[in-house]
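Working notes for the structure below.
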Amino acid sequence: MATPKEPAHYIFEMPMRVRDYEVDAQGIVNNANYLHYLEHTRHEFCRMAGMTFAEMHRQGIDPVLRRVEIIYLHSLGLGEEMVSKLNIRRDGARFIFQQDIFKHPGGEPVVRAEVTIVCIENGRLGRGDVLADVFDRFLH
Amino acid sequence: MATPKEPAHYIFEMPMRVRDYEVDAQGIVNNANYLHYLEHTRHEFCRMAGMTFAEMHRQGIDPVLRRVEIIYLHSLGLGEEMVSKLNIRRDGARFIFQQDIFKHPGGEPVVRAEVTIVCIENGRLGRGDVLADVFDRFLH
Amino acid sequence: MATPKEPAHYIFEMPMRVRDYEVDAQGIVNNANYLHYLEHTRHEFCRMAGMTFAEMHRQGIDPVLRRVEIIYLHSLGLGEEMVSKLNIRRDGARFIFQQDIFKHPGGEPVVRAEVTIVCIENGRLGRGDVLADVFDRFLH
Amino acid sequence: MATPKEPAHYIFEMPMRVRDYEVDAQGIVNNANYLHYLEHTRHEFCRMAGMTFAEMHRQGIDPVLRRVEIIYLHSLGLGEEMVSKLNIRRDGARFIFQQDIFKHPGGEPVVRAEVTIVCIENGRLGRGDVLADVFDRFLH
């Protein structure tokens, strides 16, 4: 991610607003909360794609994080709004989400992240084929 | 709150959905997160009433909690939706929020809470007159 | 809890220090985090008493909150230390924790809370007899 | 961080135990909480080095994250213990923390992270010289 380029297109995006308890003593959203925003965006994407996180869990599939790289570009403060955007690609057993958050309005980039997921299927590392089916029309 | 009666009417309500990271190892929303839901609802109410939490802070007014009583009635799980509802009354320097959360759809009561707020104004306990003005048309 | 009196004696206490991310934009520990402190104290108490929360879960016993009343007396800020103290009594199927947090050093009361727990045993409300055995020497 | 090698030596380490509310519906510590663990470790390191985060803030210095890369290797569950370890180096205006967390006992690596911090001094990006003085004996 040495020269992160913003893609021209995202397959999913959702608006969110900072909840004031997410802001820390520095007056900005605490760094860890962006991982919450990113996770929530992925889960809403899964819901839209046709399989909720709860449904995966019932089928014995647990997506788990393998790696996150996140670059903090502009901070968010009390009451601010954002748009959280996402692309996904598959690399063998790994699903790689490109996730970017922008201020709204204004559009300044807030964070840029690459999130790598693998699937634990019935307790062991799986090939992720069920997820690949769910994500089929979005993978590229 | 010995015999909590549900009011016939609320002055503010907003929909929310459980974010999956708010669910703990028991498979239900962790008890502390309801205080987050309640706080976020109060702040959105303030925004609707005309003064955001950030704006209060800039004016030297910091509402702080004095007391919370919360009764847990039904639990929420992964991906579930709720409606968070609120009434407010003033009692001297204290503002008392009656806050109830219901499942959606279904309507089962999730939590019932009474939240008492006082205002710290420029570092000391204030009378809350500025807030009372903001809330004027909602107080009863 | 109209006239909360501090007991002369607690059956369990533990030191904690504020983690800076728990402090919000007001410069004080966010109200919901006290429910985290209280929960963590109860779980450490259970561990000391001889049964961890994880072990309960494996035995099909899930303690869940029924009610919390918490009074906020003094706030904690960045880096401050506290002592979290606890007593417990049984009332039928309910376990009632009296939980108080004090600044350290100094001893000012931070929060005073009464937390009511019931036991879900294999999916339904239980009598709590297993927990009562665990807590036997502490109940009064 | 293509071939992360574990250093032979760390300048700071501290034990921590999972707080059960940090565990999510998958039964493992939620990914975002590791950023909390890492932040708390850095702040405790600063305290040990002689300047707390609160003191920095009072001097108009606010360290903010610029980048985090975190690799998740083994998960932590209810009640588990860890040791959080840290090294630091300076690269111009940036401070780069190498932070690793290991299970305790056992020693399996839990996460491996590289965290880049810059200093906002009185509202603008600073050179970080005050922090460099504080960290002087630890930088290499």
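By letter and in written order, the chains are A, B, C and D; residue numbering begins at 1 in each of them.
Here is the rule we use: a residue touches a chain if its C-beta (ideal position, glycine included) is under 8 Å from a C-beta of that chain, and two chains touch if they have at least 3 such contacts.
Just so we're clear, the structure is a prediction, and the values are computed from it rather than from any experiment.
In terms of C-beta pairs in contact, B-C outnumbers the other of B-D and B-C. Separating the centre of subunit B from that of subunit D, both taken as means of CA atoms, is a distance of 34 Å.
Averaged Cα coordinates give subunit A a centre that lies 29 Å from the centre of subunit B. Distance between subunit B and subunit C, defined via averaged C-alpha coordinates, is recorded as 22 Å. Touching two or more other chains at once are residues 20-21, 25, 30, 32, 36, 39, 57, 77-78 of subunit A. If you draw each protein chain as a dot and join the dots that touch, every dot ends up joined to every other dot. On the subunit D side of its complex with subunit B, the touching residues are 20-21, 23-25, 27, 30, 32, 77-78.
On subunit C, the positions that touch subunit B within their shared complex are 25-26, 28, 30-33, 35-36, 39, 57, 62, 64-72, 75.
Touching subunit B in their complex are the following residues of subunit A: 19-21, 36, 39-40, 43, 47, 52-54, 57, 77-79.
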